[in-house]
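Letters A, B, C and D mark the chains in the order given here, with residues in each chain numbered from 1 onward.
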Amino acid sequence: MPPMPDQAGLYRQMYRIRRFEETVLDAFPKGLFYGTTHTYIGQEANAAGVLAHLGAQDIVFSNHRCHGHFIAYGGDLRALFAELMGKATGVCGGLGGSQHLHWRNFYSNGVLGSTAPIAVGTALAEKAKGSPAVALLFLGDGALGEGTVYESLNMASLWGAPVLFVVENNHIAQTTPIELALAGDIAARFNAFGIPCQRLDSSDVLEIHTAAEAEFAALRAAPGPRALVLDTQRFGPHSKGDDTRDEAAMASIRQQRDPLALLAPKLAEAQRAALEAEVQAEVAAAFAQAEADPFPVALP
Amino acid sequence: MTSVLQALNRGLHAAFQDPRVHLLGEDVLDPYGGAFKVSQGLSTAYPERVWTSPVSEAGLAGVAAGMALRGLRPVVEIMFGDFSTLIADQIINSISKFGSMYGGAVHVPLVVRTPMGGRRGYGPTHSQTLEKLFLGVPGLRVLAANSLSDPGELLRRAIFEDDGPVFFIENKLLYLQPLLTTEDLQDFEIELHTPPAAYAATHTLRLRGASAPALTLTAYGYMAELARQAQLRLAFEHEIFCELVVPAQLAPLAAGGELDAALAASLSKSGRLLAIEEGSYTLGWGAEVLARAAQAFPGGLKTAARLAAPDAPIPASRPLEEAALPDVEDILATAQRMV
Amino acid sequence: MPPMPDQAGLYRQMYRIRRFEETVLDAFPKGLFYGTTHTYIGQEANAAGVLAHLGAQDIVFSNHRCHGHFIAYGGDLRALFAELMGKATGVCGGLGGSQHLHWRNFYSNGVLGSTAPIAVGTALAEKAKGSPAVALLFLGDGALGEGTVYESLNMASLWGAPVLFVVENNHIAQTTPIELALAGDIAARFNAFGIPCQRLDSSDVLEIHTAAEAEFAALRAAPGPRALVLDTQRFGPHSKGDDTRDEAAMASIRQQRDPLALLAPKLAEAQRAALEAEVQAEVAAAFAQAEADPFPVALP
Amino acid sequence: MTSVLQALNRGLHAAFQDPRVHLLGEDVLDPYGGAFKVSQGLSTAYPERVWTSPVSEAGLAGVAAGMALRGLRPVVEIMFGDFSTLIADQIINSISKFGSMYGGAVHVPLVVRTPMGGRRGYGPTHSQTLEKLFLGVPGLRVLAANSLSDPGELLRRAIFEDDGPVFFIENKLLYLQPLLTTEDLQDFEIELHTPPAAYAATHTLRLRGASAPALTLTAYGYMAELARQAQLRLAFEHEIFCELVVPAQLAPLAAGGELDAALAASLSKSGRLLAIEEGSYTLGWGAEVLARAAQAFPGGLKTAARLAAPDAPIPASRPLEEAALPDVEDILATAQRMV
């Protein structure tokens, strides 16, 4: 039996993401950030539940909606705030901005689908080197429109790449509901390329943690591609203020599918309050530090 | 006041009066109407001719090509010009080739519209000016909207007057610019020149009553507006009189390497050329301009230079991005060095 | 009940393709052709059986291996020979060559997979115009490696494009056996995008004719994409002389899977002999005419 | 005699001694060894490091990028250069950007090799010279093999000495050329120049004992060989003495628009420039060469011209293709007009 997941740890991770993103959305209109941003609010259970199983040697590829992945990967909050502000202390020194992060074995890029073959290549490289590392690729339902994804499934399957495709299906791509963008069935698409696929409709981080645990175990036991489709909900706008969905329906979804609210009852009230206070302080401090950080010096 | 964005939107609405016109793109349905709102209102008015699509740029371009082959007049919206890389094969090996490679009987009248450009902090994959990739593609017309003449009308003409494919370049900051009125332009004397077999006019701007130009500036799109501002300041603050040549058609240029007539006319007066663009330096639009100028004026140009972004990805950070992308100050500094 | 297929007609069509291709392979080393060529020998039943159902308004997209499709479509033999020779009288005046043909509603291109969305677009255009035309796309098993194909399946399915995807699975792409290039299952790939798929392993033109008849009937009754996977065999080299397959195995395949040999017994011997003689004369005359045709005048 | 093809193949075999080197491509297994046989023998000797792939160019490039990120040194074979359009996004928005956009800590040491060029009647989608699409891509090195120095060695150095991506251009007809020996080149005085931070040498060829050059020719790849033949005939048949400058590195060029030193040296003697390439005219390599020359020699060049294929698809028919692609006779005619 694997050990019980660390409920407080998962809650903390999710709450760190939540507070980070709330801070971003709050500060953006004040001009403290520059560029664009895509917040992860509502989907925190995916990053927290899946990345809990990651080893130090494993590799993560993320997309435009990468803050939650980056934080759950262990990335520094101040460096992430700073990157979004374009500061010299940012994750990539301000060069990348919100969508383009790299730290240790974590990479994100803003071109949908483009990361798929690259993730497969990293997995194959590690396998070729005899390393036990596996690669993990986060994709949205929208990215499933890109042809490169299918080239990647085919090659991953043919060549036995130890890669886990994690589809975060929030049923929407920017403003396009999945019904208008995706024909057929997501799991069937993976299966058609010989890739086993587990699908889970949940915002409960414990369920996601369990599902991901099985995937990682299988992946490490018999290297070869696998897929995990997580049906989820994006609570906020696509980036900033561009939400065209029905507000009443969204309110009810936020009510029912909040990963924090779902886990909260499992923690002792006092423990949770203390934990939240700690995280609030952590995030506030990170934000303040980033705000005080210098901009990079532009060469003339 | 009409903005470039409004003008483009009106141009599309005007074009949609013709039932052959279809629009394909990502997130183009109302109320959103496309990421930059250029397509707003179309899906409400013409639901059966607006195709909001999966995130499949190559497929989108190909579907439009098929529609064009069968008598429709499709318009493709690529959300960010940075993703034009994904349609490179469709554009280069199918769409622009069919007109010639099948012996001349096939036409692919489609328009791909897309916003290029930075200055919004979107970072290295959402800020590029990539049209240079397509300026040398045989069989493809490349147009760039500007605020000197109605870009909606230019778009409408691209949709109807062209039996071949058109790559129509917009710019994120240009969207917000007002279309310049005669009042806005009252300080300028403007000459219009339309190259043979084109419908997009080149504007030559000179300041009223200015003495002979010491320098010819050339720029297109949003950079043309920055160049116009620089032109004014060069005259009023530095007494450097320039002519500004603004083409709307970037490709094709005349065959045999011939220089555009408007540019040639200005250069024969000024003898000095500065080509200004937002894209990265090497093999940008300015390279072709300078090469043609060198051919047209053997031994005759006093100086020629290009102002462009450096050959590097565009940083997200504001000060870094500002330093990378050429602006009015950069034009002033470069122009002053040249005369 | 649909009328019985015209067996003699099908035989004639297949034999015309066979003789055309044999003539090409025979004359190539003599320098009478220029460029490249990909012959259709062994697969004649596909073109003949499928295209027999085409209406004049329907649209065909073909690939590098297009001679058989073009001939079964009704294309002129002399014009095709001439195109391969680079003559002014060629299908495209010598501009296209072997892989790039266009005549009436027939288009071929040499970039694998690139035709898929274009075919879908033509189908959608005809539907939008209220025309009853349908589009047909020939793809090899190799072309299934291209991501654009999957973007096309998705869009065709979402938008109900009246298009028939015909996969000619000859189990090889240039020199790469399908096992090394295709993971999972071809029919499952179509199904995963909500596209019904019929699969047939046969070189019998009558079986193919029947299978295609059902596809066309369904397509015309309820416009929307469909797929027909035809398992087949390429008898000759990929282009010229580049066959790396086992010669003994190929000999036995040629024995068992020859579409002409399979249909021949159904025709009266005398009828068949007469028909073959006619076709031989037709092909020889077309070749002679093309040979005598002028080259295009190159502008200086 | 060693052909360019053999040299490349040897270079790959030499590179494979290092276990980090992997090859990915279509139909690269023995006995075929790739459509042009450059990869022959590798899959037999190193079966676990040769990945014959599905027909998935974009995926292939991406997989190689992933391998490069994790410490391998992958080589990608794109069967025909025409299909480089399919990897444009991977090259432009991932592979060449990672080195900079992540702040400098990421390296993508991979080599994409591909044959360009026509003269074999393969028609409009299998005969193109498309490297011009990639010459202005920041962060990408573009090399072109020639027969003046060992292209296998150049390839080997590209695999190992570069921590960034390299686009390595071959040419279908160049494959069959012999590597030129000192004997082959005995009529020439050859000067080598390696640009700063590069490992690929530029060759300047002048005929022994020739008087000051009347014209500088510049060309790369297979066109360099045709230019060399033209250079000999111009001297012996027409008494026109040229210098020929042959770069192996096409990009990056020096920053700030500076002209290559070898070219500058020759032009300061000849004052006349002819850039020769097989790709189509507009915004080809020659545009950047002429633009830089115009900048470097304000008012100083007597004449500058480009010889290239017209801006049109390449026809399959032999006489049409021959007319389209520049050859020795075209160089002779153009050079004679220029002096």
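Criterion: a contact is a pair of C-beta atoms (placed from the backbone, for glycine too) under 8 Å apart; a residue touches a chain by one contact, two chains touch by 3 or more.
The structure displayed is predicted, hence computed values, not measured ones.
> Most contacts: which chain pair?
B-D
> Compute the distance, rounded to whole Å, between the mean C-alpha positions of subunit C and subunit D.
Centre-to-centre distance between subunit C and subunit D: 37 Å.
> If you average the CA atoms of subunit B and of subunit C, how far apart do the two points sit, in angstrom?
42
> Any idea how many Å lie between the Cα centroids of subunit B and subunit D?
Using C-alpha averages as centres, the distance is 30 Å.
> Quick one: which residues in subunit C touch 2 or more of the other chains?
If we look for residues of subunit C contacting two or more partner chains, we find 90, 93, 95-96, 100, 109, 111, 145-148, 151, 154, 158, 180-182.
> Quick check on subunit D: which residues sit in contact with 2+ other chains?
53-54, 56, 58-59, 82-83, 89, 93, 100-101, 123-125, 313, 315
> With chains as vertices and touches as edges, which is it: line, ring, star, complete or other?
complete
> Can you list the subunit B residues touching subunit C in their complex?
Those residues of subunit B that touch subunit C are 22, 48-49, 51, 53-54, 56, 58-72, 74, 89-90, 93-94, 98, 100-106.
> Which residues of subunit D touch subunit C in their complex?
Against subunit C, subunit D makes touches at 26-27, 29, 31-32, 35, 52-56, 58-59, 82-83, 120-126, 313, 315-320, 322-323.
> Could you list, by residue number, the parts of subunit C that touch subunit A in their complex?
145-151, 153-154, 157-158, 180-185, 188-189, 191-195
> So in the complex, the part of subunit B that touches subunit D is made up of which residues?
82-83, 85-86, 88-89, 91-93, 97, 100-101, 123-125, 130, 132-133, 135-136, 138-139, 251-253, 255, 257, 280-291, 293-295, 298-306, 310-313, 315
> Which part of subunit C faces subunit B closely enough to touch in the complex?
Touching subunit B: residues 59, 90-93, 95-96, 100-102, 107, 109, 111, 114-126, 128-129, 135, 147-148, 151-152, 154-155, 158-159 of subunit C.
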